[in-house]
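Order of writing sets the labels: A, B and C. Residues in every chain begin at 1.
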Amino acid sequence: MAQAIISQILIGVSVTAILVISAIGLAVIFGVAGVINMAHGQFIMVGAYVAAVVGHHGGNTFLAIPVCFVVVAILGLVVERGVIQWIYDRPLETLLATWGVGIILEVVMKLIFGPELYYVGAPKVLNGSVHLIGRLPYPYYRIFLIAMAILMVAATFYLIFRTDFGLKVRAVRRNRAMSGCLGIDTAKVDMMIFMFGSGLAGIAGAVLAPIKSVSTTMGFRYAVDSYMTIVLGGVGNLWGVPTGGGLIGEAETLLAYKYNSVIGELLVFICIVIAIRVFPRGIFGYHERA
Amino acid sequence: MSTAVSEIRAAQKPRRQIRRARLIPLWMAIVGALVVAAIGSFPLAAGTDSYVLLLLGKFLCYAIFALSIDLIWGFTGILSLGQAVYFGIGAYFVALSLKINYALDHPTRYGNKFPDFMEWNGLKALPGFMEPLVSTPLAVACALVIPTLLAFLFGVITFKRHIYGVYCAVITLAESLILQEFIIEYQAYTGGFNGITDYSNYVGTPFLWFILAVSVAFFVIARVLTHSRIGTVLKSVRDNDTRAQFMGYNVANYRIFVFCVSAFMSAAAGAMYAAWVGIVSFLDAGPQFSVEGVIWTAVGGRATLVGPFLGAFLVKGLEFLLSGVLAEFWQLIVGALFILVVLFMPDGIVGSIANWIRQRRKGTLAQIREDQDRLAHDRQHDWDPAGAPRSGEERV
Amino acid sequence: MALLEVKDLTTRVSGYTILKNLDFSIEANELRVLLGPNGAGKTTLISMISGQFKPSSGKIHFAGQDITGWPPDAIFLAGISRKFQVPNMYETLSVYENVMISLQSDRRVFRCMFKSVSPAESDRIWEILEFVELADKANDPADTLAHGERQWLEIGMLIASNPKLLLLDEPTTGMTQEGKQRTAELIRRIARNHTVLLVEHDMHLVRQIAQRVTVLHQGQVLADGMLADVVANETVREVYLGKGKRG
């Protein structure tokens, strides 16, 4: 019994990793610019398809990661310049406009690639599993995912806290008006951070593609999970994403094990809604000091 | 100020008149009467077998759904991407009841007198908790009351904590997705992917008139609400909920109220939809439908009440006409519609027309004065309605 | 018994202590000006009194009631109205509607649903509109007003709510000299029938209308008294005006 629970907890860790990987790009954008990209799931999907193409041409996931980052970052640039830059002051409407972008992306990808499912294989070196705790096999790929999650958070941390650009980002996040007065091109910061966040979504697509099959509708689930992670974890602090992801990941895994996955989701959702009564902007969000 | 100016000012006594639209302006009454007459007489002219008749009833239900979204979004500023939850629950209650009753009169191949999808999923009898649904009036009552209670619960949990804007939108989206997955998972009770089908439907002149009557009633109710003082309060909550709160209005209570009214309308629309169309599926409760409702309202014109009707009929009508020809490309148009409406026509069709009329009425001089004022003042919109912090300074 | 009494108020925000054991009181029908350098805690004090944030410790009493920690709408109903630093009003509503919705009335959902405007209320609204010189713009949406007019509209909305205490947070921000003069005159007229707590920076203006002033510095009361005395106070001159400068 204890072994079953421990194995579920370990599975939960890899679920957390998946949540973190999906959500970090979105969190960065929302934290700085205050907009939620409803096409985030589709960005991940595009990343997955690019990874499929890379795989088709003989590459593997490791190669796909930088390629997907660049491709989806460029996609993000197009979306930001074309649509989002005009409506930063209307965050609710950005939801609708980016939902439209998402629909368009789905249709375009379906037209290019057709409705069949694609299978992207994991790199051969990551096949197989390691044996933890008795006879529980823990796939190498899961460990890879955990490593990727840590890497992506670390890379984001580095960008935001150790670079000049990151300094500007933090200034804009704290006080946009003042930063503008001090000469920071806030529009450019928004644009670059949107590109970065999109690129992270691309990496997510590359890394998540081998888990299940790649299809044009695969992204929506990841997107909603990302939103929940951000709502719970908050975006005031980079720790929000791993915390939110961790709580949701473990809770969902354990509850799904006990009941079934749909009940697990429902219970986690209810818990999130109750939790944000205490943390209206997420656990690590900016708090109303009341 | 010179005496000459003050003399002129004194001579121009301001006219103490408030320009207030009447409850039902003449044009609205005329257009409404024409539309109602047109739709109402259609079955008499074209017979009850026409596919267009089916569409008309369907579109009316969609329009009520969009109207309910306009109430909370257009007038109160709550963007809920999960209103289909209430539509869906209303629809499923009625569909289940009708299906159960149908099965009693039309036993399955194996002689079972309960819905076929339950049989396919291995149920041996009608589940106990579903037996009360044999009574259709009870089912209709549930279809209306339960979603409203759910909305009340949701409102108390979220609005009392001032969770609004983007956070509310995303949470309601997740809520809709979870309900959709619930419906799919528990297919023994809900029909799952296939939905609930093959129960007698009520397509026909009397029921169309009923749906029409309900549409008109809801429209009038919405108009009365938004036109009266509470409508002004809701708009003030939408425009600046902080100011409203500091003016003594319990913003949460108002949001909960209008959210419940909206859920009730959505549920009613869903209930009628289930009875009219004869097919109900998980799609009617899911996020895609929820967001579609929002876009109909946006296209037609939010905060206009007429806009949702126009938007629903227009978009769905175009879909009917074009999707056969365009297939995949129709979705492309829908996606583009979202973007274009938000960027270029935020007030929707009806809203843009209203703006245009207002400009014409004011005249050029007033327009020049307006433009000058706009250029002259420096406006700092510090309170971000989305809830995401912008200028860090004012938090202190 | 003072109308408003603040006792031992402390507020900590993200590790910073903004208000430190602050004691403060206002008598009825006073016009008190709150002065102090930036960051002294003036707006924070206003926020505490109006219920925007809860203090970390201390008490606020108003008209004999303990209102510490009350939500803003309850504090409004107790009789305190607040004007924000940045003009806050209902942008798409007309000027008339802005004032109408602010009139003192029963604010509960089911009470105010279908209430129409009585003739007495209508007269009052026009009276206020004329007082803030916006009567000829009554039908215009609030977002078409110039900045100074927006400030005055908000003041008008506050008057409509018939408060016992008016909290005015820098109501002349962004105005021209003439605008400031007229606003000063407006405030003076308002102060005849209301208790007013005014936060202001412009010393020129303060000299015109102030009776009693309180100077805040780093979250505490530095000086309190009649304007002439406070201005002559050495510590105040050092802190606020800089050593050796004339005020």
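A few points about this structure:
The rule is short, and it goes like this: contacts are C-beta pairs under 8 Å (C-beta built on N, C-alpha and C of every residue); 3 or more make two chains touch, one makes a residue touch a chain.
The model shown is predicted, which means the values in this text are computed figures rather than measured ones.
Among all pairs of chains, A-B has the largest number of C-beta pairs in contact. When you average the Cα atoms of each chain and compare centres, the chain farthest from chain C turns out to be A.
With centres taken as mean Cα positions, chain B sits 31 Å from chain A.
Centre-to-centre separation of chain B and chain C, using mean CA positions: 40 Å. Centre-to-centre spacing of chain A and chain C amounts to 45 Å, using the average Cα coordinate of each chain.
For chain A, residues touching at least two other chains, in rising order: 288-289.
Shared contact sites, meaning residues of chain C that touch two or more other chains, fall at 13.
Contact with two or more other chains is made by residues 380 of chain B.
Contacts from chain A toward chain B in the complex involve residues 30, 34, 36, 83, 86-87, 89-97, 99-104, 106-108, 110-111, 173-178, 220, 224, 227-228, 230-231, 235, 260, 262, 265-266, 269, 272-274, 276-277, 280-281, 286, 288-289. Put simply, chain B touches chain C in their complex at residues 12, 14, 16, 18-19, 224-225, 228-230, 232-233, 235-236, 239-240, 242-251, 253-254, 257, 370, 373-374, 376-380, 382-383, 394, 396. The touching residues of chain B, when paired with chain A in their complex, are 79, 81, 157-158, 160-163, 165-167, 169-171, 173-175, 177-178, 181-182, 185-186, 287, 291, 294-295, 298, 328-329, 331-332, 334-339, 341-343, 346, 380-381, 384-393, 395. Put simply, chain C touches chain B in their complex at residues 13, 18, 43-44, 50, 71-73, 76-77, 81-82, 84-86, 88-94, 96-97, 100-102, 107-109, 112-116, 126, 130, 135-136, 138-139, 144-147, 150, 157, 161, 174.
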